[in-house]
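Lettered A, B, C and D in written order, each chain numbered from 1.
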Amino acid sequence: MRVRALTQDLARNLSDADSSIQPMADASPAKWHLAHTTWFFETFLLREFVRDYQPFDRRYHFLFNSYYEAEGPRLERASRGILSRPSLSEIRHYRSYVEQEMLAVLDWLPSSAMDLLELGCQHEEQHQELLQTDVLFLFSRNPLYPEAWSDEFVPRVAASVTPLAWVEGRPGLTEIGHKGTGFAFDCEMPRHRTWLAPHALADRLITNEEWLQFIDDRGYTTPTLWLSDGWAWVRDNGIEAPQYWRRSSEGSWASHFGLDGLSELQRAAPVSHISFFEADAFARWANARLPTESEWESAAVAVALEGSDANLLDCAGAVAPRPATRGRGLRQMFGDVWEWTSSSYLPYPGFRTAAGAIGEYNGKFMSGQYVLRGGSCATPREHIRASYRNFFYPHQRWQFTGLRLAKDI
Amino acid sequence: MRVRALTQDLARNLSDADSSIQPMADASPAKWHLAHTTWFFETFLLREFVRDYQPFDRRYHFLFNSYYEAEGPRLERASRGILSRPSLSEIRHYRSYVEQEMLAVLDWLPSSAMDLLELGCQHEEQHQELLQTDVLFLFSRNPLYPEAWSDEFVPRVAASVTPLAWVEGRPGLTEIGHKGTGFAFDCEMPRHRTWLAPHALADRLITNEEWLQFIDDRGYTTPTLWLSDGWAWVRDNGIEAPQYWRRSSEGSWASHFGLDGLSELQRAAPVSHISFFEADAFARWANARLPTESEWESAAVAVALEGSDANLLDCAGAVAPRPATRGRGLRQMFGDVWEWTSSSYLPYPGFRTAAGAIGEYNGKFMSGQYVLRGGSCATPREHIRASYRNFFYPHQRWQFTGLRLAKDI
Amino acid sequence: MRVRALTQDLARNLSDADSSIQPMADASPAKWHLAHTTWFFETFLLREFVRDYQPFDRRYHFLFNSYYEAEGPRLERASRGILSRPSLSEIRHYRSYVEQEMLAVLDWLPSSAMDLLELGCQHEEQHQELLQTDVLFLFSRNPLYPEAWSDEFVPRVAASVTPLAWVEGRPGLTEIGHKGTGFAFDCEMPRHRTWLAPHALADRLITNEEWLQFIDDRGYTTPTLWLSDGWAWVRDNGIEAPQYWRRSSEGSWASHFGLDGLSELQRAAPVSHISFFEADAFARWANARLPTESEWESAAVAVALEGSDANLLDCAGAVAPRPATRGRGLRQMFGDVWEWTSSSYLPYPGFRTAAGAIGEYNGKFMSGQYVLRGGSCATPREHIRASYRNFFYPHQRWQFTGLRLAKDI
Amino acid sequence: MRVRALTQDLARNLSDADSSIQPMADASPAKWHLAHTTWFFETFLLREFVRDYQPFDRRYHFLFNSYYEAEGPRLERASRGILSRPSLSEIRHYRSYVEQEMLAVLDWLPSSAMDLLELGCQHEEQHQELLQTDVLFLFSRNPLYPEAWSDEFVPRVAASVTPLAWVEGRPGLTEIGHKGTGFAFDCEMPRHRTWLAPHALADRLITNEEWLQFIDDRGYTTPTLWLSDGWAWVRDNGIEAPQYWRRSSEGSWASHFGLDGLSELQRAAPVSHISFFEADAFARWANARLPTESEWESAAVAVALEGSDANLLDCAGAVAPRPATRGRGLRQMFGDVWEWTSSSYLPYPGFRTAAGAIGEYNGKFMSGQYVLRGGSCATPREHIRASYRNFFYPHQRWQFTGLRLAKDI
């Protein structure tokens, strides 16, 4: 119920219209997120395990299926924004109805159902992040630049950060992948051995200040810094800065659009909303490279998440990446921004998809995408861990995505 | 104020989301119609004639300009659906604000302004029709098939109509174009002479029943019935029936989507929501042709609009085309559905565009479009007249569009 | 045989590759023109009228059908450039084979066949023009700028032309359309009455010099000069000059690509290779308009074509528009460039398509296109007449197309 | 000179038109391959190392640059098919000219140039394969189905193959990457350690016979067998069989198009011209998976290439994949078809791009593509080795591409 409540809370400032519009095919309406996460419980738990379950509305099975082929036909993804009805209010009733039904049966659900219940909560946490980034994208296209969280106070400290330093990783044979008994997605398993060459990771994320240097040094107009596909993407889309940077009337990159609206660009904050192509080009410009996911995970397991002040999502509000704290050693490994790795999102050796519709959860997306690690300021705190593998296409950048450098040593 | 009130009324069942979504580039959100018609008065009257006029919100000048190049940059047409803000409620305030400002200055506006005031009302009436057809299109794409007017009673008489008969037109030299002192758009002028060959018009519109015969006779799969561009359109879009016809589960064309939702196909009602290409193919199949706009107007001037029971818009509700009344002579010339003519939308001899931004009203659209005549069930009653020229591209069919046959004699 | 020989001659400098490549969907390979014109005789005469006719190659029936639905499936238009085989040499054999077969049966063909024979020759003359313009387009895209007629001498007189003068047309009731017994296409008939308002035509074509003034006066960047569709076309395609104008290294419009390759822009020559949109915008800029096709034809019937020095195609070579001769009265009505009219290509009152496949010749193209009149330097001399209606889409400009102004008086 | 001669020989049956047409953006005209491989020597050797070198034609530097940003602007890739000129004959002169110039300076070139000379030959061998597959694609689109090698005898043995057996790989720490002093591309280096889990490889390639079973078992219409991107590709492109399979008039998959034209489908031959998506779906259907590139290379180093009867390119002709020989152990590791692996084409740990334009050779293509191993019947015999990494996008299939299964044990 805590997870379910947070989802509602994240949408609490949204109007019916805010929650219904689909600003691009990749981004779903907030209302759809609210409904689809509910559909997940209704479809895989209530319809599956509860005899004579009466669906809230049978037509929702078609409307709010995301991509589960095994669950039959569905509204195509690019049409999610056509649903002015059901209204936001009706969707809230839907959520409430399913929650009550779930509570009523919770005690006698079989243990196989309990795994799906856990998965349903994890699934909802994923959509909590998407809900925030999709609203951000929607508002960014509105010439009025609405604020998702107008009444929040977001500190704008003109901080600086320590110079970037390198932290050596542990080379040789290592194991990566989920270990232990806590929840993990199938793609984080099985735990397996891999070999690491000598390497080092940067002790903090790349900042907006450093990104401005990349721009000033003609980073976006020097083709030899870019992958071939990346360069084509830059030219075809007229890319010249991170997704939400905006120019001042004099032409300099002066402001940034976030969940709190348009504000001054914070130079010490980690750069965010960049594509893999941009991250990769920056790394080449910096005579470095992106870390592999193995290098990243190998380092991250030694970083405590509990008790840390990692900038992850604790409650609804105008979340934003924050400058690195002072100090030594690896900082910002968790939270702030997802870190692009140089690893394609591929199955681990021995990977098996789950049986049934749930088997479509991860495996079928394992082509053409890159792994990101560490969570962002929009990731629910309990949702992240060292073995977590997020994935996006190399051109996508509407998530809170940034980079940490790595190098061979 | 009566015109302005009807616009509001037409939107009274719409939610914030209903009024904000843009279902295709051709169709604007209802909220945008409410705002743009207000923008028209604000831009061409208040800003132009009232010293120190304080705009409701300066940013609206950009948001709600439709296509007036002379009024500067504007939100591009295909992006009108991004505006979850301003909300429907704010737009209602905007309407009210501009109305109050207008009322305050009405008495001392110069006469040139009075012409613009008239134009503003006529302009708003045009958008009243678009608002209805755009909402219809939006709801037609929603798998829930919402009803715009759920509480209305729409009679579903299983009527039949009289067999189609021909009414001879008056051949020879005639005059067409607006005559007299009432309002008319610039494209209806100047009145000018034209020569008509001997011809006859059908005494009523083509019905759904007749359209079913066309389908049964393989109308949509016989290329020689179609214009070359029309045939390409049919194949590329998989066209096989009018826009809002829906199949039964057995596959027959059984129902029709309208402002009152999905209902049984009325066979005696005029076929509606067909493209010029479809109208033209039907006429060829029927060994007839479409009327020219001169033939149509020449006949229509003799048909009384006042006092007739023409099916035009009188008040907000689930308007729909109705079967022809029994009787003789030309029926359904006004109202029900716009009638495609075979005439391209071109300037009349001696046509001059108005000076200033208003000059962009009609003239610049005179390429690639066809003239439609007679108004529809969604056209405000006082907005139609024999000389009225509506125009759409030959593939468009989300308006209430149908056809009347003509032939040489 | 004279017509057939000219077609061969027009292709005599082309290599196998020159004759096989399709540089855009609108332009067909020269080899395809050579074959398709032969296919026309084979399909509508030999296969139709000659018992036991043995086709040259049965597969050609599919390959070289242009758009005749009644003749069955065919290679789609955009794929004509895939045919590296049959070779140019094989197509020449095909031409020869069909010619011999035709000669063998000519004497005893029925009179209905003789009409098709005439049509076949007229059809071939149309493709003679297209062959030239399609090769011109192909070569214009080649960075080497090949010359189609490298060994020809084309005079480059730095001529000037007389100031533009106006010639009044005859207003009132007139008749247009083909008259008499000579050949005409179905679309030129029936001859019919029409009413002309008082008007005048320019006595000569608009020149490159005058077009440069239009450019210098920001013609291509002033939206209010353009039709709405035209302005969209200008922006989407980055249009800033006629199709084959090229800039000097200093940026001025200094040269022009033609069948004789790249050469200095001739300022006194008529502007050529402009779209309807450009012609219309120029006319608006010049406070004039384009003529209607009725106005044009009404004037042209009084201009003698025979014996005139009209710049039409007499033999293969580097044809090009020429400056107007000095003198008074209407000049350049025939030849040089096709003249855009303001008339949509629509059926004349009483128009009937022919029976059979030949019925697809003209009628099905009567939507979305504009009429052009008068022929060009690439039109065979005997192919043109006052009633001739050519037609293209308003954005097309790879033909020799220009304009003559008109105005109301 | 031997390498150069083979390239000419591969094109010896091509006409001027055959060698000039570009049938899709991915496939270049044969003439372009002939010229570009020559451009490579001219650009990186003659222009770089020979004082006062006179280029054959300065304009070729623009025309025949493939993708080297450092070499300045170039003809865009999709426009390579516009070049009817220079003719095939001129390109042969170009080849000869550059060869003579090379021979003249060979003896005194510095050693750094000798590496480029080697690279130039290897580069030309790559284009030898592309030349064949691009011609195959061109001819496959021609309804006449031309034969590239009409006079060749290709044995059509109705062979069968032994049942598929599994060969265990060596698990644990291993090294992959180029070893020794022979030529290798930068992407094959550095040699590095990697960890292999227990696994086995199929002892032969998957056959057409087995692919027919996949089709019969609804392989192309079962979404759960496919990666999400693969399923979208299947639906969007109507994929239902390998690229060059053709149906009989009864609808069964009966024939196959190859360099020798259309012929009966050889059931025992390896399936060819499939995409990664298809290979991956087949493997899932077969309860297996694709090998990783490490697994493949680890096995391949133990297979002798020299002296084997691997089906690789020895001389120009109608090359085609052949059925597996009888016997035991790994067969068909080299030649026949490129084998899709499950590995993304990524840099090896410690990868460095070369300095200068040559640095654009491989590294910039390392995103979005998959590794293929082992060479094909169209790969020059001396061009292949165990460490060789070929790469294509997952939807591409105009190369000779097939698959070998792998599994965990």
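Simple rule for what comes next: contacts are C-beta pairs under 8 Å (C-beta built on N, C-alpha and C of every residue); 3 or more make two chains touch, one makes a residue touch a chain.
If you're wondering where the values come from, they're calculated on a predicted model, not measured in any experiment.
Listed by label, the chains touching subunit B and subunit D alike are A, C. Centre-to-centre spacing of subunit B and subunit C amounts to 37 Å, using the average Cα coordinate of each chain.
With each centre defined as the average position of its C-alpha atoms, the distance from subunit A to subunit B rounds to 46 Å. Centroids built from CA atoms put subunit C at 58 Å from subunit A. Across the assembly, subunit B contributes no residue in contact with two or more other chains. Chain contacts here close into one cycle, and each chain has exactly two touching partners.
Chain pairs that touch one another, listed by label: A-B, A-D, B-C, C-D. Within the complex formed with subunit B, the residues of subunit C that make contact are 67, 69-70, 173, 192-195, 197, 223-224, 226-231, 276-277, 280, 292, 342-344, 346-347, 349-350, 359-360, 364-368, 394, 408. Interface of subunit C with subunit D (complex): residues 15-21, 23, 31, 59, 62-63, 75, 79, 81-88, 138, 141-144, 146.
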